[in-house]
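One chain, chain A, appears in both complexes that follow, with chain B as partner in the first and chain C in the second.
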Partner chain A sequence: MTATQTSLDRVTRVAGVRGALIVSAADGLVVAEQLMDGVDGQAAAALTGSLVGRLARTAESAGLRPPVFVHLRGEAGSVLAAPGPDDLVLVAVVGPEANLGLARLEMIEAAGRLA
Partner chain B sequence: MRALEPWVVQPLETFLAESAARLTLLMTSSGQVVAQHGFSRSLDVMTAAALGAGIVASTDELARLMGGAGFEALVHHGQRQSCMLAAFATPRGRWIGLVVFGPETSVGIVRLFFDQMIGQLAAAAPREQPSAPMLAENFETELDASLKALFGR
Partner chain C sequence: MTEDIRALTARMADEPGSLAFLELAEALRRRGQLEAAYKVARGGVSRYPGLADAHDLMARVLSDQGDLAGAFDAWSSALQLDPMRTSALKGIAFLYFRAGDRAAALTHLERALEVDPDDPTIPQAISRLGTEAPAAPVPPPVESRPLPTPVSSAPAARGTQDLFEQLEGGGQGLLLVDGNGLRLGGRLTGADGDAMGDRVAAQLAGVSREAARATRLLGLGSWHSIALESPDAHLVLAQPTSDTVLLASRDPSMPMGRVTLLAERAARAARAWLEVEG
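Right, the complex of A and B next:
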């Protein structure tokens, strides 16, 4: 199993996670994905890649270090993102019932191993 | 942004707002311009349309030789700006989109909203077909009228 598949497996194993994908932040394109039916990977990759890139630039402009974890909460769930090396971002789409603490830990750990 | 047909305006404006594209050209598969955004000279539009239609025709033939369906999109990545060329079906026939974008957006964003625009164009297209085909004897008149509509002069 490749490192990317291992990372996705760790994240999708967390209860409430509807899918995970690895995104090239600069391009907003999917590198690898494990998604449930109904989750639009192309849209998630494009929009999350853009969001993480803008947040990193915002933090830099404010004299801060780039974010290590992004949590975008909506009414029906959340989008989680953990930037990794080589401009890759680990993204998870989770439902409202998800264990966010465990998902966060797994994502930060898995994102650090992306390369 | 200027368009030859009013029903193209709203989908294209939405695409431009969401994608942050610098230049956009919509044309038929034969290179006849339908709408443009960002071009300031008619010569540039005509050249880009002719080259874009030629590239799509070439890649279609390449795909046919390789025994597959046509390519969905062609993206050239550049240091300061990139270019996406994609052919798509509309109720008015096969069209081509040429989009130039910079580092302020991404190919994923451009592709995402381009696909949405295709759906909006399909929904907005009038059901009746254009009345008359383009004929050689009125080609120049039609071309002049199109360029005036696209550049407002």
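Right, the complex of A and C next:
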């Protein structure tokens, strides 16, 4: 199992996680994915890549270092994103019952190992 | 662990959505287990943001922890939800007394007495006001806070200067932005003054549409908030209306859950202000 697959596997093992993927933030393309049926990986990649890029620019405008974790909360679940090196972003789509604290920890650690 | 805490913890485990957190956090607080009490209370406030009891409980825990500004904020929230809440009036009076503002303390105690003339502790506290010195100095944020007002009496025609004045930190670190990236209120200041706030506002143009598209296409419904952790700050975006965005920024030492609560309160204040301003 590759390091990338290991990262995705650790994240998707967290309760409530419907899928995880690694996205190239620059072009919003999927690098790797592990998704449940019904989760649109390409949409998640494109939209999350764009949103994370915008938020990183917002942080920069405020004189802050880039975000290490982003949580977009919707009424029926959340999108989590942890930017890593080489412009890669680890993204997870989770249900409302997910263990967000554990998912966050796993994602930040896994994103640090992306390359 | 005493039997009552053990039993309440077990009940919480069986019924995580129940109101048992109120008793559990209070029991932990009374035993001096303040960190544990804080975690339980925080969970309760997250699950029941419209429950005055939860905010009242959080205020007691924060007060015991020495976070008097946080306690003030939590009691203010309790009062907004329940303007007749004497425990919150007494709590705020206590904080004003600690700050050396006896007049404001007296005002709150008198309001509490009007609500509950049968509570013997209120006249006792009023009589002590004239004889006791404040127990300890209090952080400036509490001293400078305005009196809390119920939501129902909130914003008549007000300028953007005081849009967030009743919230923790006033308008500093809070920014209300329209759909075109223009700043409507609040302040986010850097070395170059308000220019930083304007730059950040410009970056936020369209973020609401983008977030809405993402959550809709992923089957997550409408979006509620975006939390962003930087090593330098915790930021939370909320949506007062469909074409405005509210940004709350705080030091990373403030837990993200509290920044989220602050953003939600600021969004409510902004929504009320926008309704008045048209």
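As a convention for this text, the second predicted complex is superposed on the first by the 115 of 115 C-alpha atoms of A that agree within 3 Å, B and C clash if a C-alpha of one lies under 4 Å from a C-alpha of the other, contacts with A are read in each partner's own complex, and residues count from 1 in each chain.
Everything below uses one rule, namely that contacts are C-beta pairs under 8 Å (C-beta built on N, C-alpha and C of every residue); 3 or more make two chains touch, one makes a residue touch a chain.
Every value quoted in this text rests on a predicted model; they were computed, and no experiment measured them.
With chain A as the common reference, the superposed partners chain B and chain C fit together side by side. When the shared chain is aligned, chain C comes close enough to touch A:P66, but chain B does not.
Comparing chain B with chain C, the partner in contact with more residues of chain A is C. Once chain A of one complex is fitted onto chain A of the other, the partner contacts of A:D37 are absent, as it touches neither chain B nor chain C.
Once chain A of one complex is fitted onto chain A of the other, the partner contacts of A:E97 are absent, as it touches neither chain B nor chain C.
Once the two complexes are overlaid on the shared chain, A:D86 sits clear of chain B and of chain C alike.
When both complexes are overlaid on chain A, the residue A:G49 reaches chain B alone and has no touch with chain C.
Applying the stated contact rule after C-alpha superposition, one finds that A:A26 touches chain B and leaves chain C untouched. Once both structures are overlaid on their shared chain A, chain B and chain C have a minimum Cα-Cα separation of 9 Å.
In the superposition on chain A, the residues of chain A contacting both chain B and chain C are 43, 47, 50. The part of chain A that touches chain B in the complex is made up of residues 23-24, 26-29, 42-43, 45-47, 49-50, 53.
Against chain C, in their complex, chain A makes its touches with residues 38-40, 43-44, 47-48, 50-51, 54-55, 57-59, 61-79, 93. Contact residues on chain C toward chain A in their complex (touch as defined above): 188, 190, 196, 199-200, 202-204, 206-207, 210-211, 213-215, 217-233, 235, 249.
Chain B contributes residues 105-109, 111-112, 115 to its touches with chain A in the complex.
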